[in-house]
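A quick write-up on the structure given underneath.
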Amino acid sequence: MKNLGLSKNWLYIPLLLMAIFYLLPLYVMLVTGFICRDRLEDNVEPATGDCL
Amino acid sequence: MLRDKDRYLNIVLVSPSIVAVLIFIYGFIAWSGRVSLSKWKGLTPDYTWNGIRNYLDLFSDPRFAVDIRNTLIFTGVFVGGSLVLGFLLAVMLDQGLRGESFFRSLFLFPMAISYIVTGVVWRWLMNPAMGSRMSGLNLLFANLGLDPLVNAWHTTPKWGMAAIALAAIWQMSGYTMAIYLAGMRSIPHELREAARIDGASEFQIYRRIILPLLAPVTLSALIILGHMSLKVFDLIIAIAGKQLQLDVPAIYMWQATFDGLFYARGAAIGMILLISVAVLIIPYLRYTLKTDSQP
Amino acid sequence: MWNLPQGIAFDNYVEAFSKLSPFLWNSFRMVIPAALISSMIGSINGYIFAKWKFPGSDIIYPFILFGMFIPYQSILIPLVRFMNAIGVTGLAGLAMAHIIYGIPITTLTFRNYYAGMPQELLEAGKLDGADMLGIYRLILLPISIPAFVVVLIWQFTSAWNDFLFAVVLTGNTDWPITVALNNMAGSQIIAWNVQMAGSLLAALPTLIVYIFLGRYFLRGMLAGSLKG
């Protein structure tokens, strides 16, 4: 039992991976809303917004 | 002890709610049931008796067959995925790691968001466009060199529903995690200690002790998620709109009734949905209320 | 697309807000009264079903609970016709639908909460000469704040997030935000970054509630699976 505390730290790897999965849509909502025109030149989809 | 005034006051106070439930739930169900047995088609109500014709027609309707198939795929992926993911997350959070409450809140927050928002965002994430128009998750996978993961998502022939279920898992797996975690916390610590002393590994403890003890939790999660997946509607509308490939009974009901004015057929689909939910929920309600009343 | 933005542009949010603000306002106007009225009704019902049972109340209770699981497709046609017939349409009709179809869950939450209150509390009130409503007002109401928070949050969230009732009961001037967002997302002419900005605006009120009152939100959610 004594190395239990140490051996449990690997659990952060799956936990963080899952955190990315859950945060991805939130990230998309936040970041794509703030994207400005310069970044989107290569993209076919229409874009709005001028860079500050 | 009861004074005369109080003896009837309680009934008086709840009766508006009881009447409302009686009308808006049971009255309306009966009304829908009657519509489903009629020939009503078009804007004016027509209650001409048609027997179970509408139901028979549905069961020989190829579109309804697609709906049933889609619902089964969705239910399998969504319920299975949410249960497995929820359980694994609960096990990980049950280890007393630092930051547990942060992760718990993080896994639960999608529940606060509407299916429409989830759908709009996942619609972009699961953009099926290929080549130079590629975007969303496919573009992320391609950028990361994970090309085999690039796929057509909900436009995949036959299995598109599984992609919709992925968005639903994102939304609901936190719920399964929460009820599993609550269940794990209620298991006495002595049980685990005793097993550890007997030399059981952590994996064996979860496999042989915790999982069986959590069987009632699994059952209620199964029923709650199962009845949700029968009702799925908003999410599909927001991701893909009304496409035949991703049709489910709730969308067919919608289109039959409000787009096509086939009121009788729409009502019949509604009744079939109600019956399938009732088959799941009524035994569950009886069971829970019975165990509730004997502490 | 997955690179971090080089500069920050607020235009998308401004545009999304200018398109969606009337509908956000509609949602607030509909959801707040619905949540308040729901919680008051639920509290009275819960009090009676927990502490002042009447003959038949144990039989009626499961029938009320069943209402929270039904697929609303099975009552949709009568609901639309009934609301039109009694002339309660638009936001008022939508709020009314949320209140009525919220009766099962609000009653359940309050009943479970009050059932946990010791009977001695009520007996003490009776000895002081308080009647049924007096006990409710003087003894139980002041300690039911947690249950009120749970129910208010739950009803706020579920009415805010609802789509099905909204789409059948409201026309395009009084759409709540979910319907407006869905229609905006369906149109080809609106840039997707505006759509994403709009999604965040639509999600923000419930997200804020969740961030600050998540504990109560979780409790409401567990009540939904009957384990109060």
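Details
Letters A, B and C mark the chains in the order given here, with residues in each chain numbered from 1 onward.
Keep this in mind: a contact is a pair of C-beta atoms (placed from the backbone, for glycine too) under 8 Å apart; a residue touches a chain by one contact, two chains touch by 3 or more.
Note that the structure is predicted; figures quoted are calculated from it, not measured.
Taken as a contact graph, with one node per protein chain and an edge wherever two chains touch, the assembly is complete, since every chain touches every other chain.
With centres computed from CA atoms alone, B is the chain lying nearest the middle of all the protein shown. Centre-to-centre separation between subunit A and subunit C, using Cα means, comes to 30 Å. Chain geometry summary: the mean Cα position of subunit A and that of subunit B are 27 Å apart. Work out the mean CA point of subunit B and of subunit C, and you get 18 Å between them. For subunit B, the set of residues touching two or more other chains reads 109, 117, 121, 124, 135.
Subunit C has residues 1, 192, 196, 199, 203 in contact with two or more other chains. The multi-chain contact residues of subunit A, meaning those touching 2 or more other chains, are 28-29, 32, 43, 45. On the subunit A side of its complex with subunit C, the touching residues are 28-39, 43, 45-52. Across the complex, subunit B is touched by residues 1, 8, 11-12, 14-15, 18-19, 21-26, 28-29, 32, 43-45 of subunit A.
Across the complex, subunit B meets subunit C through its residues 1, 3, 5-6, 9-11, 13-14, 16-18, 20-21, 24-29, 31-32, 35, 45, 105, 108-109, 111-117, 119-121, 123-124, 135-136, 139-140, 143, 175, 178-179, 182, 220-221, 224, 227, 230-231, 233-234, 237-238, 241, 249-250, 253-254, 257-258, 263, 266-267, 269-271, 273-274, 277-278, 281-282, 285-286, 288-289, 292.
Chain contact summary for the complex, subunit C toward subunit A: residues 1, 3-13, 15-16, 191-194, 196-197, 199-200, 203. Put simply, subunit C touches subunit B in their complex at residues 1-2, 41, 44-45, 48-49, 52-54, 57, 60-67, 69-79, 81-82, 100-101, 103-104, 107, 126, 131-133, 157, 160-164, 168, 178, 181-182, 185-186, 192, 195-196, 198-199, 202-203, 206-207, 209-211, 214, 217-218, 221-222, 224-227.
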